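Think of it as A, B and C in the order they're written, each chain with its own count starting at 1.
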Amino acid sequence: MTLVCVKDLHKSFGDLEVLKGVDLDVAPGEVVAIIGRSGSGKSTLLRCLNQLEQHDGGNIEIAGQRLDAEAMAPSELSRNVGMVFQSFNLFPHKTVGENVMLAPVVVRGVNKQEASRVAREVLDKVGMLEKFDAYPAQLSGGQQQRVAIARALAMKPKVLLCDEVTSALDPELVGEVLLVLEALAEEGMTLILVTHEMKFAHDVADRVVFMHHGRIHEQGDPKTLFNHPRTPELRQFISAVR
Amino acid sequence: MIEFTLWDIVRNLLLAARWTIVLSLIAFVGGASLGLLFTVLRLSGNRLLKVMIGVYVDVFQGTPLLMQLFLAYFGAAALGFNVSAWAAASVALTLFTSAFLCDIWRGCLEAVPRGQWHASRVLGMDYLQTMRHVILPQALRLSVPPTVGFSVQVVKGTALASVIGFVELTKAGTMLNNATFAPFTIFALVALIYFALCYPLSRYSRYLERRLYDAGMR
Amino acid sequence: MGLTLDFLALSPYVGELARGLVTTVVLTVVTTLSGLMLAIVVAYLRVHAATWVRRILGGYVELTRNTPFIVQLFFIFFGLPALGIKIDAITAAFLAMTLNLAAYTAEILRAGIEATGRGQLEAARTLGMSKFQSYRHVVLVPAFARIYPALTSQCIIVMLGSAVVSQISVFDLTYAANFIQSRNFRSFEAYLLVTLVYLLLAVGMRQLFLLVGRRLFAFRQGGQA
């Protein structure tokens, strides 16, 4: 059984073909780390999965629902796919609690009490419950990113996409965010992460996907992939980031 | 009663629009000169002058232009001068314009980054040298778009001179309306003529602003 | 040269002055609110509506910004009845001021909306919000926070500009001054006093906006909670 099924995905920006036929299946509960150099197409792949970019060819199916060239209503898509961004993108004029409650209330029509209960639950999970009434400007980057994760979780997505979620953080703040993601993985959340944290990919992911020039160049379980890379490109990549 | 054809109305309005243009030019040129003087005085370093000019700007920006016109017109009369609507409108609009331009230009001078002053100081330039070679050239570039933009406010401001009886475009419109009872046509035409005067200035100001912005991006 | 100011000559007209003041204040408060609401709608439609709607609204904004307020007022007060739309002076004043403020504010607001980070919109979208929901809940408040100083000035300009409604016999502050000077011929005193009242209104409005803004946009202040 697959939760996310990507077949022969193509995407171009003008003359530049960024995805040249990507196939990827992700099972429920699986944690997939996508690695690769910048420009290899890994972020674009992630953005196609929730229609922030519209793919040109191939198809994507998530939880049995097909994403066509025609964009799906965001409210529909958000039932299945959640996303956490590199730059947090918390809403600056809303408190932590309001950030988490907003979408359940306005998109799903959940009542405020229920939304607040769910918000407290997910904020507790990421260790941010005591900042319920704080504004984003009052939080550190790591704290903001944890709230952003809680905000995505509150919509109860089937798969959570994480786009370089630690890249904008000061080194000492990376750990707290990775811990949260690790706990989610252990709970059985399906995660697809684009990441530069090789140790995290190695320790937490079920599968690592190495992208190169718009294609999946090599993939496999992290131990094998990192210890015995088959292709020279991956070998070079690993030695460069180590 | 005299019958007015549409052409009669348009012709009369266009003739009156000349006075709108003349009054605008007087107010703009006079206001710019006076505003420049105030800007320089403000920079002179005299605290009292600075405060006084600040109050002057606040008063003109904080009161209705219509009141400024009334005071120039009736106030002069109370002082014993019998001034024409012409003179009163010219004086009031000039003062009004000078206050706004002075404020706009102060903003442009302040928009030049502090680092420019520091760099000049380190290079051994004194206040006047820094002002002349570093600050003013940059502030001048910044000041062109908002100054052109403000000229639109001046043209529109001249419409209030109609209230004290100066026959420009708006006054001509009300007079023609009293004679013809075709208010819809007349005020639509009046508006269109103002638009024809102001819109090119607005567009030009926006164009200059975009060009400045693009230049800054490069 | 015989300038003698006699402000006591104005004392019998305190009632008229008060009436004028109330009218000016009410006109300002109501048009500020209605103008802002209209501007919010116009600004949204200017980005998201069909092309022909955007064109019409663009025309409205440009026409309003490039013609004098007094001409707009005359057009509404004298021109609309000629089309069979009956309208009294105070309604004409409300309408003209609202349309005027909304046009300027919509344009100011547009700049504030365009400054919204792309990430904010993408976050709203991945959370399932429609364009309208993200405008209302995500874009609008930070946009207002960004343009607040310009908005304050524009509202004050409209208050000062409202002096013109005296010309269609709305009993505002300026009308009160005209009324007094027609009775006691103390025009200079009357106008000076009323000018001072306008100045105080402008200063008061600025303070009020500052105070309200500080509460409304408290989220901008950082520091650990």
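The rule is short, and it goes like this: contacts are C-beta pairs under 8 Å (C-beta built on N, C-alpha and C of every residue); 3 or more make two chains touch, one makes a residue touch a chain.
Since the structure is predicted, the reported quantities are computational estimates derived from the model, not experimental observations.
Chemist: Look at all chain centres (mean of CA atoms) and spot the one farthest from the centre of chain C.
Modeler: A
Chemist: Work out per-chain C-alpha centres and flag the one nearest the whole-protein C-alpha centre.
Modeler: It is chain C that sits nearest the middle.
Chemist: Which chain pair racks up the highest number of C-beta contacts?
Modeler: B-C
Chemist: Return the distance between the CA-based centres of chain B and chain C, expressed in whole Å.
Modeler: One centre to the other, that is 20 Å.
Chemist: Please compute the C-alpha centroid of chain A, do the same for chain C, then give the distance between them in whole Å.
Modeler: 46
Chemist: Averaging only over C-alpha atoms, locate the centres of chain A and chain B and give their separation in whole Å.
Modeler: Each chain reduced to its C-alpha mean, chain A and chain B end up 55 Å apart.
Chemist: Residues of chain A that contact two or more other chains, please.
Modeler: Within chain A, no residue contacts more than one other chain.
Chemist: Considering only the defined contacts, which chain A positions touch chain C in the complex?
Modeler: Where chain A meets chain C, its residues are 50, 52, 73-79, 81-83, 85, 87, 89-95, 102-103, 106-108, 131, 133-139, 148, 151-152, 155.
Chemist: Mind pulling up the chain C residues that touch chain B in the complex?
Modeler: My answer: residues 1-3, 62-63, 65-72, 74-75, 78-83, 156, 160-164, 166-167, 174, 177, 181, 187-188, 191-192, 194-195, 198-199, 202-203.
Chemist: In their complex, what parts of chain C are in touch with chain A?
Modeler: 117, 119-120, 122-130, 133, 137-138, 141-142, 145, 217-225
Chemist: What does chain B use to touch chain C in their complex?
Modeler: 59, 61-68, 70-71, 74-75, 77-80, 152, 156-157, 159-160, 162-163, 170, 173-174, 177, 182-184, 187-188, 190-191, 194-195, 198-199, 202
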